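Paired with subunit B in one complex and with subunit C in the other, subunit A is shared by the two complexes that follow.
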Partner chain A sequence: MSNLRFWASGLLLVLVGWLLGRLVSNEYAFFAGYSVLQYILLATAWNILGGYAGYVNFGTAAFFALGAYVSVALNKLYAPPLPVLIVAGGVASGLVGLLMGSLTLKLRGVFFSIATLALAIVSQAVITNWEFVGGASGAYVLRPRQGPLGGSYIEYLFYTMLVMAVAAVALARTIERSRFGYGLAAIRDDEAAAEASGVPTLKLKLLATVASGTLMGMAGAPLPFYVAYLDPPSAFNLAYAVNTIAMPLVGGTGTWIGPVLGAILLTVVQETAMVTISSAANLLIVGLLMVGFITLAPNGIVGMVRKIREGRR
Partner chain B sequence: MPDPSAILNAVVAGVLLGGFYAAVALGIAIAFGMLDIPNLSHPAFVVMGAFATWVLNSTFGIDPVLSGLLMAGPFFVLGVLLYKLYHACFESRGEAPLQGLAFFFGILFITEVVLVLTAGADYRSVQADYIGVSLNIGSLTLPLRMVVPFVVSIGMLLGLQQFLTRSFTGRAILAVSQDKLALQLMGVSPTRIKALAFGISIATAAVAGSLLIIIQPVEPSIGRDFIGRAFAAVVLGGMGSFWGMLIASIILGITESIVSDMWNPSWAPAIAFGFLLPTLAFRSGGLLGRKL
Partner chain C sequence: MSDALLVVEGLTKRFGGFTALSDISLSIQPGERLGLIGPNGSGKSTFTNCISGTLPIDAGSVTLDGRRLDGLPPHQRTRLGLARSFQLPRPFGSLTVAENLRVPMLYAGRGGTDTEAELLEMVGLGGKALQRPGDLTQVEMRKLELARAMAASPRLLVADEAMAGLSNSEVDEILALLLRLNAQGVTIVLIEHIMRAVMAFSQRLVCLVAGRKIADGDPQDVIRNDDVLKAYLGE
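Now for the complex of A and B:
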């Protein structure tokens, strides 16, 4: 896809989303749409570090929930408008990413992954003990009735998420085609060789971790308004971590389109399974799809499509 | 200033708890420390072992420790099969790190959901004569439900240590962790040795599971609490060092026990991370290991 076509279709998508939103009167459509977009944002954020550089982050829930809880805290103190909360959530999670990264990225990727897994557990303990944001019993957030642009607040949240998701995908695509992205790809393929050829590996890995963490925090910031009641077990739900990893792996990790495809596919599958089977079964489906894809089709849907195309030629 | 006998009790309880953590971490010390297989799903197998123990105990009245040992056989086979799959899909393709981690994370998740779907999300516990009984030595109280797991765990550790240093197979396992090529030149297949060692590591999960359900009631998602702890114990101890891992487990147990007693139990899971992060950042060789 050429640059012009990509940016035009991104803009068009936002416009079409907004127009559709004006026509739809069913609130459920916004809830479902928000959920898909949130996962597109999270999966894209994960992919910047996981897919491009090959460093697996198991701590999505930590970065995401941190954004959500910063938003709960600030909202309780000053009740600033949503964009301010999003920026604050992003900054907080980006800083955590910087700290985590600077402590563990010097080692092999496995150790970074284990540290992120532990980060999710420790941040849940911190939030559970932080009474100001509700502690273990959770926090209620009053969702305003009206959005600032007219229409319901859920509609406003949906547009906000739409803009963020499209922007994140555009950012990921830009990174993928920049020197930064090529550096990350070199790290993924052979870190020692990359370092030897003069790629500043530590700096690039840190930058990718910060970018990825920031986007995850931004994704979490509107969450309290979306759910209206937030407690640690739901904010730190393992489902976020599993989905965020499963989506890029199912879609294909090397490219910006992979996480988008994976996010759409897996949310649709889960929404369907939730209605037709049960909520426990829908998590099982995600787990099985993820393991199935990494064992049988390690390059995801994008890889499969590419193979079929090459086969035809 | 808290009562000294309360501190003593907390420390002793921590040592016993740490002994049990060593049983969970043992499998990871083998799989991750020696074979370089990041088996994140190990704690899920521990929980699976706990549920198997619960089934054997509640239907046939078999002693929990005995059922743990009985389950070690089937778990060994399961481990060998899992390694074969891992090897065929990732190790032999050379894309072990990223995909392998995600693979084990998926296995962790699948095991947990399957347990919820088959056994339900309720807490399960076992019956045995020693559960609920305590030894009293002076002001010291030793609950047997903690002492029995400690003894079994240390026994298992000693037994495996002997096996690894004395037997031919054991030495081959140690060798594969150090130099795969040299092992091949001696006419031993590293893949076979690794499959065997991974089988042993999953077999220890069966025993650790039976110990877990003696200590506390178990529900399917409880395994996650042990991922951080067990990996912290292995990394802090120094990859591949059993004694380092045991010392680290006990340090972890004592710290958790003191923090829970004196402060707040909800902080306990965070302590492992408090040890893990500085270790990774400043002393990646751990207490008794090589630098990473």
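Now for the complex of A and C:
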């Protein structure tokens, strides 16, 4: 896809989303749409470090929940507008990414992943014991009735998430084709050979961790308003970590479109299952899809399509 | 020899109680073709890793064109002009052959005028630009390894056993390639077991045995040196 076409499609998507929103009167459509967009954002964020650089992060929930809890805390102090909360959540999670990265990125591969898991557990313990944001009993957040652009507040949350998701995908695509992206790909394929080719591996890994963490924090910032009641078990839910890994894997890591496809497919399947079968079937379905794709199509949907196309030629 | 390109002084490397390299001193002139030989386990690859920064050294110094390299990470040494190829080719498997060269060009290319296509043409991978490294043959993989090192436009290239396991005619291909690179002004250290290639290539020969430099000089003299013969053939 050429640059012009990509940017035009992105803008068009935002416009169409907004227009559709004006026509829809069913609140559930916004709830479901928000969920899809939130996962596009999270999966894209995860893919910058996990897909491009090959560093698997099990701590998505930590970055995401941190963004949400920064929102809760700031909202309690002086209730700034949503964009301010999003920026604050992003900065906080980006800083945590920087700190964690500088401590753990000298570790390679699996050791880094274990460290991210530890981060998720430690941060949940900290939040559970922080009374100001509700501690173990959770926090209620009053969702305003009206959004600042007219329409309901859920509608406003939906548009906000739409803009963030499109921007994140655009960022990921820009990274993929940049000098930075080639450096990350080299790290993923062979770190020693990357160093020998002049790639400052530590610096690039740190940058990718910060970018990925920032986007996850931004994704979490509107969450308290979306759920209206936030407690640590739901903010740090295993589903966030599992889904953000499963989505790029199912869609295809290493390209910007993979996480988008995976996020749409998995969220739609899960939402459908929740309404039709049972709300407990979610993770089971994700697990089965993940096992299926890893064994049958290790390069995800993108890899499958590429194979079929190359076969035709 | 103040005008030397690379000066190694008193380089010592220990792994626990084992001394892998002991007090190695060596200097290389710009444009030189140096052969480095030694039996298995004599420290040749450790030496490569020490000067390229992959391993920290315990004592001594490495200086490239008057600049101390001690403590610099490998990527900075590559940017300063010291490139190395790996003994077993380590291509970037998910990138195309051309993109494999693009990485060092983006990160370490120092204003060289070579493009990816020119470089591929020079090493004889002209038609393979869009293939993945996994589809290449062994000898093509070695050429890619050398081309990637060259894409960083180095002044000194350390080729670590670039010919091991290749057939006679393939050895000649790589040899011709290295001579061509040298003719373009690149100083080359060739680490190799294949004596025919080493003798054809080297202007000067250095021999390591058990982490010590036991000979350094004209290739014909070095291979007749008693210590060298003893190391290879026994008493």
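The rule is short, and it goes like this: the second predicted complex is superposed on the first by the 313 of 313 C-alpha atoms of A that agree within 3 Å, B and C clash if a C-alpha of one lies under 4 Å from a C-alpha of the other, contacts with A are read in each partner's own complex, and residues count from 1 in each chain.
Simple rule for what comes next: contacts are C-beta pairs under 8 Å (C-beta built on N, C-alpha and C of every residue); 3 or more make two chains touch, one makes a residue touch a chain.
As the structure is a computational prediction, the values presented were derived from the model and not from experiment.
Q: By the touch definition at the top of the document, which applies to A:Ile245: first (subunit B), second (subunit C), both, or neither?
A: A:Ile245: touches subunit B, not subunit C.
Q: On the A-aligned overlay, A:Met290 touches which partner chain: subunit B = first, subunit C = second, or both, or neither?
A: first
Q: Quick one: name whichever of subunit B and subunit C touches more residues of subunit A.
A: The partner that reaches more residues of subunit A in the superposed model: B.
Q: Is A:Val122 contacted by the first partner subunit B, the second partner subunit C, both or neither?
A: first
Q: With the two structures laid over each other on chain A, which partner does A:Leu20 touch: subunit B (first), subunit C (second), both, or neither?
A: neither
Q: Let me test your reading of the model: by the given contact rule, A:Ile277 touches which partner, first (subunit B), second (subunit C), both or neither?
A: Neither subunit B nor subunit C is touched by A:Ile277.
Q: In the superposed arrangement, does A:Ala136 touch subunit B (first), subunit C (second), both or neither?
A: It touches subunit B, and subunit C stays clear.
Q: After superposition on the shared chain, which partner residues are touched by A:Val268: those of subunit B (first), subunit C (second), both, or neither?
A: After superposing on A, A:Val268 lies clear of both subunit B and subunit C.
Q: So which bits of subunit A does subunit B touch that subunit C touches too?
A: In subunit A, positions 188 sit in both the subunit B and subunit C interfaces.
Q: Which of the residues in subunit A come into contact with subunit B in the complex?
A: Interface residues on the subunit A side: 50, 54-56, 58, 103-104, 107-111, 113-115, 117-119, 121-122, 124-126, 128-129, 136, 188, 238, 241-242, 245-246, 249, 253, 280-281, 283-284, 286-288, 290-291, 294-295, 298.
Q: Can you list the residues on subunit B that touch subunit A in the complex?
A: 32, 38, 40, 85, 89, 93, 95, 97-99, 101-103, 105-107, 109-110, 113-114, 116-117, 221, 224-225, 227-228, 231-232, 235, 264, 266-270, 272-274, 276-277, 280-281, 284, 292
Q: Which residues of subunit C touch subunit A in the complex?
A: 52-54, 73-76, 78-79, 83-84, 86, 90-95, 99, 102-104, 106-108, 148-149, 151-152
Q: For the complex, give me every residue of subunit A touching subunit C.
A: Contact set of subunit A toward subunit C: 179, 182-183, 185-186, 188-190, 192-202, 254.
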